[in-house]
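Shared between the two complexes below is chain A, which pairs with chain B and chain C, respectively.
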Partner chain A sequence: MTGENLLVAEGLSVSMREGETWIPVVYPGDMAIERGGCTGIIGESGCGKSMLCKTLLGLHDPGKWQVRGQVFFDGERVPIEADDRMDAFRGRRMSMILQDPLSAFDPRMTIGAHFLEGCKGKQKALRRREAVEWLGRMYMPEPEAVMKRYPFELSGGMLQRAMIALSLMGEPELLIADEPTTALDSTVQREILWLLARLREERGLSLLLVSHDLKVISRMADWIYVMYAGRIVEQGPVNVLLENPIHPYTKGLFRSRPAYSKERLTVMAGRPPRIGEDTGGGCPFAPRCPQADAACGEGDSKLERADEDHFVRCRHWKGKAGL
Partner chain B sequence: MREAQGNTLLEVKNISKTYQSRKRQPVYALREVGFSLQEGRCLGVVGESGCGKSTLCRVIAGIEKPDVGEILYQGEPADHRKIRSSLQMVFQNSMDAVNIHLKAGKILAEPLENFTSLNRNQREQEVERLLELVGLSAEDKAKYPRQFSGGQLQRICIARALAAEPKLLLLDEPLSSLDVSVQAQLLNLLSDLKKELHLTCLLVSHDLEAVYYLADKLLVMYGGAAVEEIEDIRDICALTHPYTRRLLEAGELETESGEAGQKDEGILTEEKREYLAASFREGCVYAGHCPRAERKCFLERPGLVEREAGHRIACHFG
Partner chain C sequence: MIRYLLKQMLGLVPLLFLVSAAAFFLIRLLPVDPATAYLNSINAPVTEESLQLVKEELGLEDPVPVQYVKWLGQVLQGDLGNSYQTKRPVTEELKTDLKYTGILALAALVWVLALSTVFGILSAERANSFWDRLIRGFTFVGAAIPKFWLGFLLVYLFSLKWGVLPVQGATSLSCLVLPSFTLACSYIATYTKLLRNSILEMKNQPFVTYARIRGFTRRQAVWRHVIPNALLPVLTALGLHIGGMLSGAVIVENVFSWPGLGRMCVSAVAARNYPMIQGYILLMAVIFVAANLISDMACAALNPRIRLGGNK
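Presenting the complex of A and B:
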């Protein structure tokens, strides 16, 4: 880690068009990704994690989505609003891998054809050699043979490795991994996570790792953003958050996970609000929150500094009398 | 180690099942798998994908016939036409398992029509009771599957399975596609139902911690074979099979270089692992990947034998 920020997002928000109005999906928030570090985003599904990642790469169709705010990469402004000017960033400086590797590949094309897309003539042989090299770096068994295979012929773990190789071909500095291991077995999951950690160590690759699995995030990340209903509700260094979570949502999320115990699980009842669902202007977590009182329903809280680099979005973060 | 107690409800005896692969190679989905399950207990079955867990469920449920082997239900060869209502199954992908054109009320009423003698009014009441039993509300009966979240739909599937008043519930990865918070809600629900209704369960999962929470005993599978079995899951740390150890260690991830060599090997052998899992061998199903394997392991298949009371293992050196 360097302590220096590779990517900075300021006041980034996403809204969805519904007729004449825009419905907020990701609320304005700031984010920083450290060079050489692994930044984690955690939260239940539907809370806007993928939306936020796509925004960093300018992947939103402006007809349907409205994006506000700025993104800076290595000090340079990223033209997330202009699809045609994103080529300098996408794949070259930052890349993204997805949860379901099978959906990222065209089933009619061999793995090799995916690597050669857009290549002509002499370029092809060179690119093929590079691809085999990259597959090898991903510990792919028999990379030459894999190039000739179709996506359905590979296991989930092998496909995920092929996707990582494909997204690293342009030697990007930042890899955005959106639930990269959610669909995989635990032993294969461990192999992929180990691979990502190794890429970080050996190539200085910076990671933005999204997961709803606390275990994955706590093992890999050094900084965590917790998202709920499109908002960043807590953020800080991983050890601080794990040892001293403050937001009731973060606490609830951490406690939900069984840990080789038969003791009854403390569950968070209910579910997150849906997009556009009326939360009465109050804290969106209030209906599920064990600490909520009347004040919580009367206006959303702001992200406040609880400690040097620990931020919380809960009006009762200092605790309440009697709690 | 503790031994099994109570009346045996289900006995699976030496079941084997072979499929044909696309390339017409035999796929040994189950190899001489056997275990017994006592009334009111929950057996957890773990192992990586493709190791035969779903096949095992389908064979027990009578959806498929084993090539060889026998299933005893309450001590007698299982006649699946007779025990259809006492044996119910819940699947991983609940959206695929329900008819999306039917309202929840209708989905739940179907098994009541098939398996009970309730009249129309009573069925209506029973549907509401079932919905509340799984933590939904009576009004939810008017909704279509698409109007439910994944977790709610899985509750509907559990309610539907319970409608037939089963004794044995087969749960095939019922939590895998759900959020951690929803998994916790369902784990508590299943734990309550198991106690209240005195259910006997078989829980398939690749999440060892979830299995630990709900199951009483554990069966570890690899390459279609049962490689280790323990009567009391609380003794999980005493498991010694090399594959089980690997599974237990997958819960931890260290990135220190010390362990790196070992992991490289794990990564390189994935394709081999799949190849091996699909082909018949005389030796141990795990020999191709086992750090402890010796010549004997490749030549002779170790049987599942009792190492001490309540602990069975299939390993020449375990």
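Presenting the complex of A and C:
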């Protein structure tokens, strides 16, 4: 990694309560997000990408979820375990935009009311002006009129712009975009991605971009994490990974490139294990892996360094370089 | 919106006709004819002659369909006939009774709104705590308990044993407490449960998570986003139940001798006082219909999607 890290996660894991036991959903892993960069997470649906993002913002209800590990933001420890102390981070240091923009807005409130929420008296006029400005920056047509609209009156693309504006109002340094374009059609997808790239260039915004779509990730990100069944299975700079994917899962992902499709990514035969599903203690990808052998069933493999900053979680990685 | 309303109201006219006809013909299937009941009630001997005389006086000579048409003609002019017993116009009698039932229902509504919001919010916010368990126990029992039994139990405890509230009557505000609570009890249970589930469901909505993401505290998210949205279905259901509450008043009014429509109706049935029964049923039908309309409109007013959709 060249630049300085804005966010560092160490041994971060999430488990879900099931009666008296905890079922792992995201396995312990490390992660770093470069300041001003765009870090991508890619993986099939249900592999724990959204879980990981929510963990960074401390959004897990401690009664149902158990979060382990540390997160540092700008060198400062983030109290992801303490919901009330996270309020100072959320929205101000890091923020997030969600996959389905329609359900992210309160259906009873206008877009403007969302921007003015929590404002009293004289602040309101100022905040309203700021909001219109932000909407304008998002290339929103007629921002004044949009402020008066209810969420259901706007298109998905307009709502996504409004959500980006709303999330950026608190001037966060990091924006987590969880499948920001999955619910949109392809021309609008491209506009939103262009907008995010522009915000990164002009405002130095750091991005954590989550997608199951390789086109999106390869176009935007400069560093990629590949997730499978709650584990990071491969990571590295985008060009290294694209040219020389090592993990059979990554290879499979890269081979099946759905061009801006809305559907679930269908890679290879089979499906990822469900959470809590018994994988026999071996590599969770082994049942689908074309190169699996008896050794793969004996214990999960570890993330190993394959190259300078290229890591892979496959015990046979040495024999698998190149497509 | 106004056109929608008019259309709704027009659609209800045939319904009211149907109800009036059903009421008219069905009550005439009751055993013991009104003339006999009338003579019994004034302790007069029941003979061929006296029966004939009473029937003529009450207009029961004609065949039933003819009676219906005559009655309908009157109703359309705003006249519901005269009570067999008091000889006063039915509209007058209904007016006084309606006032008392209205007071009772309104007081019950206050109980319902106050207690089910407090219980529902407390129960959902402290899910699985001691309070939640207690409240859920109440919703379980409260919904199943028969009104007459609860009424007698409350009278026994509060009036006879502790002597803090009057047994019956309608002379002071304290008389209102027990009957209105008795009427409200099952609704409190229903709405508490409804609100609790609604709140727990709303909490999982992405817009609540997104409010947290923007840095609002848990409390702010709950009060601004969870509760207002969770109350919507409860208010809608409440509108639909207002009519039911009025008819539920029949039992409560009889237990507490509350001089409302329900008590009037029971005595009118006993005396085969046809005009009063018909008037009561027609009035109930109108109230049901009006309550549904009002709840429809309230729901539309609270929900921008319906409100704005209706304008286009």
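General observations
The working rule: the second predicted complex is superposed on the first by the 307 of 323 C-alpha atoms of A that agree within 3 Å, B and C clash if a C-alpha of one lies under 4 Å from a C-alpha of the other, contacts with A are read in each partner's own complex, and residues count from 1 in each chain.
The rule is short, and it goes like this: a contact is a pair of C-beta atoms (placed from the backbone, for glycine too) under 8 Å apart; a residue touches a chain by one contact, two chains touch by 3 or more.
Quick caveat, the model's predicted, so the values are computed rather than measured.
Of the two partner chains placed by the overlay, only chain C lies in contact with A:R92; chain B stays clear of it. By the touch criterion defined above, A:K120 lies against neither chain B nor chain C after alignment on the C-alpha atoms of chain A. Applying the stated contact rule after C-alpha superposition, one finds that A:R77 touches neither chain B nor chain C. In the superposition on chain A, A:D106 contacts chain C only, with no contact to chain B. In the superposition on chain A, contact of A:L57 is made with chain C only, not with chain B.
A count of residues in chain A touched by chain B and by chain C gives the higher number to B. Once the two complexes are overlaid on the shared chain, A:R219 sits against chain B while remaining clear of chain C.
If you check the complex, the residues on chain A that touch chain C are 57, 59, 83-84, 87-88, 90-92, 95-96, 98, 100, 103-108, 117-118, 150, 152-153, 163, 166-167, 170.
Across the interface of their complex, chain A is touched by residues 205-207, 209-218, 220, 224-225, 228-229, 302-305, 308 of chain C. Those residues of chain A that touch chain B in the shared complex are 44-45, 139, 141-142, 155-158, 185-191, 193-195, 197-198, 201, 212-215, 219-220, 252-253, 256-262, 264-269, 271. On the side of chain B, the complex with chain A involves touching residues 48-49, 149, 151, 179-185, 187-188, 191, 206-210, 212-213, 234, 236, 246-247, 250-251, 253, 255, 260, 263-264, 266-272, 274.
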